[in-house]
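Chains here go by letter, A, B, C and D, matching the order in which they are written, and residues are numbered from 1 within each.
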Amino acid sequence: MEMVCSYKPLLAILVSLAASALILLTGKRPNLRESWTILAAGAKFLIVLSMAPSVLNGQILEYTMVTLTPGISLQLRVDALGLYFGLLASGLWIATSIYSIGYMRGLQEHAQTRYFFCFAIALSATIGVAFSANLLTLFLFYEILTISTYPLVAHKETPEALAAGRKYLAYLLTSAVVILFSIAYTYHLAGSLDFVGGGFLDGRGTPAALSLLFVTFILGFGTKAAFMPIHEWLPTAMIAPTPVSALLHAVAVVKAGVFCCLRVIDFVFGPSLLSDLNLWLVLCYFVSFTIIGASLLALAQDNLKRRLAFSTISQLSYIVLGAALITPSALLGSILHIAFHGFMKITLFFCAGAIFVKTGKENISEMNGIGRQMPLTLGAFAVGAIGLAGIPPVCGYLSKWYLCLGSLEAGEMIFVLILLTSSLLNVAYFFPIVYRAFFKKAEGGDPARRAEASWWMLAPILACALMSIIFGLNPDAFIRFHQIASLAVANILGLF
Amino acid sequence: MIIQYENVIIKTICRMLIPFLQLFAIYVLMHGHYSPGGGFQGGVMMGASFILLVIAYGLEEARQRISLKALTIYACLGLFIYSGIGAWALLMGGNYLDYGKLPFPVSSVPAARAMGILGIEIGVFFSVMAIMICIFLAIASYDTGGEND
Amino acid sequence: MIEYLMSKYNYWIYVVLMMIGFYAMMGKRNLVKKLIGMNIFQTAIILYYISIGVKKGGTLPVVMEGATRAADYVNPLPHVLMLTAIVVSVSTTGVALAVLLMIYRRYKTLEEDEILKSMR
Amino acid sequence: MNTPQVQATILIILVPLMFSYAIPLLGWRWRGSAFFVALAAIGASMVCSFILLYTVLTQGTIHYHLGGWLPPWGIEYVIDPLNGFVGVVVCVISFLVTLSSKESVQKELPDKKVRFYTIYLLLFTGLMGIVVTGDVFNLYVFLEIASLTAYALIAIGEDGAPLASFNYIIMGTIGACFYLLGVGYLYIVTGSLNMADLAKLLPPLYHSNVVLIALAFFLIGTAIKMGLFPLHVWLPDAYTYAPSAVSAFIAPVMAKVMAYILIRVMFTVFQPSYLIEMVPVASILSWVAAAAILVGSIMALAQKDLKRMLAYSSVSQIGYIVLGVGLGNKMGLLGAYLHILNHAFMKGCLFAVAMALMYRTGKRNIFQLGRIHRRMPFTMAALVIGALSMIGIPPTAGFFSKWYLILGSIDARNWVFVAVILISSLLNALYFFRVIENAYFEGVHGHSQKEAMDGIAKVREEVPLSMLIPIILLAAGILLLGLFNERIISGILVFALPPGF
């Protein structure tokens, strides 16, 4: 493993910060403002992508800024796992920026400058989370992410939106406090906060203290990852504009929570410590409950975005389940699922947004026959649904395959059953939508005319759906997710 | 608040008393650095003499003799004498208030110190006097809306 | 017991005075009475300081014929300190009186209860 | 050591003192000059404070003997890293706040400008005197100079101000008298007033009850002066009714200086071993501080008035500082030192924003802010940064002092304090996001979104530059202090720790 000092990680963070400043300055001229967003998104993705070859060659890129507290610096480090998450977030930001333009203009939303400003900051923070080299840096970006998302959640400024914003803050700041305690206690025990593949806490405290620490960590980061029963903020936050729900509440924010859980499980505690303490099994059961519970709740939702939110909650727990099983295949499946779920879920959210912009419909019960009106959109929706249910060739089956394999490796049949049950439930809550859209007649006659949303929105939808299929066929296509994920697994388990 | 009494006795006695009071105040001031007394005590006496004037002759009369503006200037002047002598010692290469370093035309360092402290006392005298009168006038002139002058 | 109390009578006097002042500051509802209590409080402390400088058989701290030992003089330092403290207490009283005048101008009373009533 | 830099020790007080008397003289002729004279004096002091800090760090503690008299007979000014640091904090904050006060004073107290700045500068002199002196009685004198001027400044405020000021006078005098009594008791047993000398003379006397009583008087006296719960009752009214410029000056600076007295008395005059091992003073203090943190935050939650809310928040933040002091370990004390700096910046920023709001809108009710960010975007951005720092969101400064305090509490194995700090940051979030929400979102109910955009005047009415620039500098300072806190810790504060830490 070779450490290389590089400016690129910092650049990747700063590019969207710079964009946010430019967005504020040019707020009066929408076209210029939005071109900054797209430019920054493209630049960010390219910068992150340009780091991929060196990471794949076994290098680790590092950049140390100021010292934050004795022994701990504000340090960025791009390892395989970080790169993986960074690629996902920055890649999907491009799609979302384009989509946002269509969505925001389609609805003539107010305060667009604030919207794009906060969005850019949130993306900076997400990349920061991905590239953090230690817990304190991670926490720093994590908090920025929380705060910058708040104005997006409360964007509509209606009483409900404000209430949702408050709820969002209440949940996430409370969890932040718990995390802060956990980090401080870790520092007290270990004197260090630097992530080390395989963990650094082994032997640094009594089992009881370490177990407590693990619980507080998981509770803290788990709030952002929306584990049940601390998930309630996520469905409520669906009041935000759809691109926000799509990128932040399906990819960036919640995945940041999951990503942090992964960091804690694999880089702070480490697989061996977890199996010594027998904590992994507890965590597995805990997230299994979320997988099944959230899927069941999703069945009961009529609002499309809320249903998607519950689906997200359930899928996020897949990832943590894989990490908790700590077998190689399970880890690989879990890391792969971060990206694959991202692509599929963002497709679904984009579709929901397109339907809302075009028809003003938010509830599933009103969507009869809508597939004839918007065949491309709903086609993409079907692709996403198939993927999430784990049916080939859309990419979801791959990660699920590895997860099942991992459960078998761990000798825990029950989790295979849970995964399969959840797949069935996925079918149960997604396919009726597709069925309604294409095969049921709309009330009050059939609007025979096709009326897709604008290309600003349609293009990202189709691109994401297409990518989901391509990744299903070849997980190493374009950005070599599979290879990077394998490398990350090797880092964690020390298989060099 | 202060009613002017047409009382000849008080006025006359005050007229006789005030010069001596003031003289004594200055005496107290000048002996402050080697016997009981000093700038503060002397200043209070000086101030009291003016207060006596106000009591005997009324506010209007007293105001004609000493204005608030002048009092402010006296107060500031006193402070300047005090801090100026201290700063002078700084300029002469000593520490603040190190009178021993001041170039008085005296032979020994203790004598120079005595001169220095006398200067300080004079500064304090002016300030205390002015401030005492100020406080009295400000509170006494309540009826006449003295807040803004 | 009595002897013990008597041997430290200066402290007892200052404590009693201080408590009287304290009571007036806390218990009285009239602002001027509070101010008077404050003055008593400060004076008690001045008294205390002065009393700690006293020596039995000591005289004025001014160099005199025949008194050559340090024990012949009372300790002048507490007195000097109290000179400053008196200045401070005079200025505090001055400021407090000025503030009371402002209060009186504004509310036409110096009873705390009435002021609070009219502020509401 | 007798280099010219050492003379900065006296100049730091002398310059504002002399200038404060120049103000009324110049003010007769040129009324506008008052502000500039005050600013120049504080600026000069600021330069001196930087020189002093640099000299202390490079050449060691400065001892300055007033009048050339050697201690313990003469008055000695001592600059060590701790008060060098506090001096810089006080000077910088005062300079920025004074700069921002120009227009506000012009508007709120147009006919009292000259007298205002005279007293203002005297207050500053008093505070600097407290910081530099190494003599317990001299400290009392400066304490009273600072307090008297603060009473006067508060009294010229709006409606309830005189009564608030009078209550402050009563409480403050009790505090000062207690301090004086403490000095007296120490003088009885040691015969000295010099801090360093006392520190040498006291240890053999630690078994004496007189020393304990003296310590108790010191602590209660300073606790009243800094507004530590439950002796804070004067503070909210005083901060609320004082003229905006005054609360922006007093709130960030004065309580910090008072906290400095506490630290000075506890760790220089007395020794940590006495406070921690022989009598449980430190732990009593920290429990009181924990109560202060919670009560201050909860009371702040109940306020509608922005300034009053900030005042209660000060009560709670003072608790943080005292908690760190009371923890009595390295991390806790570093946290307390850092919080002196950070809180000065945060409160300075927030009160300056309150001043700007008063200046533009005349309103302080947080429920009437109604999308004020359209009118004053920069000011409101500063408010957000200040608020985030109060809550403790990294990378703002407030997070790091909290971080050290938490580490200190964990080191002390006191989980209750950890919980208190964490809960209090949640409460902070609660009351600050209420303000932010009102400043940014409220006021569009019942409008369609389009209408909301056009209907609300997008006129930008930022405060004048002389007010805006300091606010922005303070806000930027919060961010920079957060990022570079370790430089301050390892460059200055570790040298300011009492021996044995």
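Of note:
Quick note on the criterion: a contact is a pair of C-beta atoms (placed from the backbone, for glycine too) under 8 Å apart; a residue touches a chain by one contact, two chains touch by 3 or more.
Values in this document were obtained by computation on a predicted structure and should not be read as measured data.
The pair with more inter-chain C-beta contacts, choosing from A-D and B-D, is A-D. Rounded to whole angstrom units, the spacing between the C-alpha centres of chain A and chain B is 78. Distance between chain A and chain D, defined via averaged C-alpha coordinates, is recorded as 43 Å. As a whole-number value, the distance joining the C-alpha centres of chain B and chain D reads 36 Å.
Spacing of chain B relative to chain C, judged by their CA centroids, is 24 angstrom. Shared contact sites, meaning residues of chain C that touch two or more other chains, fall at 98, 102.
A complete list of chain pairs in contact reads A-D, B-C, B-D, C-D.
The residues of chain D lying in touch with chain B in their complex are 7, 10-11, 14, 17-18, 21-22, 24-25, 28, 64-68, 111.
Residues 137, 140-141, 144, 148, 151-152, 155, 159-160, 162-163, 165-166, 169-170, 173-174, 176-177, 180-181, 184, 187-188 of chain D are the ones touching chain C in the complex. Put simply, chain B touches chain C in their complex at residues 35-36, 40, 135, 138-139, 142, 147. Those residues of chain C whose C-beta lies close enough to touch chain B in the complex are 60, 62, 83, 87, 94, 97-98, 101-102, 105. Those residues of chain A that touch chain D in the complex are listed here as 65-70, 74, 108-111, 136, 139-140, 143-144, 147, 151, 154, 156-159, 162, 165-166, 169, 173-174, 177-178, 180-181, 184-185, 187-188.
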